[in-house]
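Two complexes are shown next, each including subunit A; its partner changes from subunit B in the first to subunit C in the second.
Up next, the complex of A and B:
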């Protein structure tokens, strides 16, 4: 199975409020996908929908299964970290390994113990006595010991210091990603995950405003770093975003910069953060219609 | 089944200290009190009554504490995982919401009281023997009818376990309804439900609906009481204005106890064939459905 997630016209409402609006996307095997969006953009709702905790409208298949009606079966082949603070505080790490062994058929206790040794957490440590970073490491060690095809991480490093965040992502990439498995990570720390990602999805007010591989992103979006004198001419070309790169003004375009201004500056690679800012300020730009911008 | 057993294991891991303390605490306390204790009300110097009474006190103490603790914990179970946010962790693993709620309900509502009672019977036997030794010395212990006491202990234990299990089922509608109220209305749910029912019965005292509800509740509680105490009245020693019970009377009751226990077990089980009992279980199942629904909604 090459396509792990196949969503067509996915929508979710909380009463009158639309959390997800007509999302259509696929996630193939072997990808590390970043799910970006502001608070309230619909990231958590999408993730909960993908793991069967919310029932959406539209068509959704995850690992070939309907997440809502086949949730139990789906969760045997999928790992999900909903938040950093959800491990039961009364439990010891070793007890969690015992419990996971009985609850998750694809879980390997030996593998979990092996992964735990990479962290500063011991089996006798109680969750309530661990720092946030250690809890996250423990949680990742537990879920990474599941022989699953897909991992879904909902802001897993929220509230962690930079060292803990780095260790988390190192462990994720080194110990879990093998080229066949896919990961979907939602995060606000866009800069830190950029180097890990193969693809990016951006949500804005429940709409998917971008769904693209990073390789395509480099080809499609162009930034022009220019002198302050050229600012007016650049602004007249209607860039997606005007910002600063290393103290110099810059403008971000969907597609190559118009010929009239291309000579006014130097082409630079736009960062994911800049693109995120540009697209979530302009939600009318749709992922499937790059030409329309 | 592995999954459900693991959910039961989770309860054990989370509550083992409280549960061990629940049994060991009273037994150790009573053991410590043995040197200062004295059995009154029996006028003949025989070790059997002393052993039996000390054992019964132990079992009764553990049983009361277990019922109180488990009842208290059951009220909190409905929102336990939401309160410590671990619900998202459990929901990220295979397993249904029904299993996640059913396992703790089974553990706290049935398995723990049964296990605590079984262990209390053993602890009671030990305390009874030590108490008899303290009162009459080693020589008297040689003359004790241990075979009879053993038989009585086994049958009394079995009768208690069956009675407790059936009583738990009779009381299940109350327990699960209070849990559902806790789940939906948070900490005030159980008291509110209790007050609402009491107020309804009081305000509409002579109305048919209130009378029917009162009858229903009384029968349900009566079923639980019968499950526990059916046959006990035949063992009661006649007082007849005396201060002390005679040894012969005591031994008569003692010898009758296994037979009464043997005879009342099928009767207790037969009580479950009533429509009232089945209706109660259906009501409990509906309340359990409300618990599952609330757990789903909280995610």
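Up next, the complex of A and C:
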């Protein structure tokens, strides 16, 4: 089975408000797909729909199953981190490991203990004594110990410090990028995850405005960094977005920059954040600042 | 975390880094490169992007893919790389460097040609 998610014309409404509008996409095995969108764009709704927590209109198969009617079966091969990760406050980390062992047939307690050793959480710690970031680390260790085919992660790095984020990214690449599994991850740390992704999906007000592999993205979108003098000529050729790269004006084009202006500047790489801004046109919401470690 | 600039696609930047290492003889001609997964892990890059970087080096005649074994440095890769790097320097970097030297009024005899 090469296609892990197959969605056709998915729509979801909350009363009169349309949360998802006519989404059609597939996610094959072996991909790391970044799901980008402003707050309220529908990322969490989409993820909840994929794991069977919301019933959409349209056709949906996840791991070949109907998430709504075959949810139990689906959850044995899928792991999901919701945007609000809640663990029972009274429990100790070690107790949660034993609990998971009884609940999830593909869970490895040894693996969870191994992963936990890399964090600052010990097995005897109670959840209520952990910081927010430590709870997230514990949650990640529990979920990553499941031998799943598909990971659906809603803001998994929220509240994590730089070191913990880095070890999460390492785990993602080392263990989940095996060519068989796929990961769908939403995050506002766009710059940090860009190099980890194979594909990007962008949601804007419930619509899928872009669904593209990074390889296609490199070919299709072109940015031109130019001198201020050339600004008028560049603006006249209708770029998707005008912005700045290291202080120099730049313009983003869908497809090759028109011949008339290609000589006015130097071709640069449009970053995911720039592209996101261009396609969703809400520059007031800034992506995270890049951290160097 | 490795930093990638806005000048070129990430796969191209990785290809350039690997090419720089090849020029230094790492790994030497005839030897294997680390696996895609090892490189992905080292640079924290998606394996599909790593494969594109390696393919770019294959296209430049620097690597060859041996079925089931991985990527190997081709014979003559360093000479070829040296030639293209020199060309690149003379065409793209030297004019800018020369311009800067002129602006600063520096002449060849002002420059230290010995190792520090």
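Some observations on this one:
Please note the rule applied: the second predicted complex is superposed on the first by the 277 of 293 C-alpha atoms of A that agree within 3 Å, B and C clash if a C-alpha of one lies under 4 Å from a C-alpha of the other, contacts with A are read in each partner's own complex, and residues count from 1 in each chain.
Going forward, a residue touches a chain if its C-beta (ideal position, glycine included) is under 8 Å from a C-beta of that chain, and two chains touch if they have at least 3 such contacts.
Please read all numbers here as calculations on a predicted model, not as lab measurements.
By the touch criterion defined above, A:232 lies against neither subunit B nor subunit C after alignment on the C-alpha atoms of chain A.
In the superposed model, A:51 makes contact with subunit B only, not with subunit C.
Once the two complexes are overlaid on the shared chain, A:170 sits against subunit C while remaining clear of subunit B. When the two complexes are overlaid on their common chain A, residue A:104 makes contact with subunit B while staying clear of subunit C.
Of the two partner chains, subunit B is the only one that A:88 touches; subunit C does not reach it. By the touch criterion defined above, A:75 reaches subunit B but does not reach subunit C. Across the interface of their complex, subunit C is touched by residues 30-32, 166, 169-170, 173-174, 177, 179, 192, 194-198, 213-215, 218, 223, 245-246, 268-269, 271, 290-293 of subunit A.
Across the complex, subunit C meets subunit A through its residues 1-11, 37, 40-41, 43-49, 52.
The part of subunit A that touches subunit B in the complex is made up of residues 48, 51, 53, 72-73, 75-76, 79-83, 85-91, 95, 98-105, 139.
Residues of subunit B touching subunit A in their complex: 2-3, 5-7, 9-10, 13-14, 84-89, 91-96, 299.
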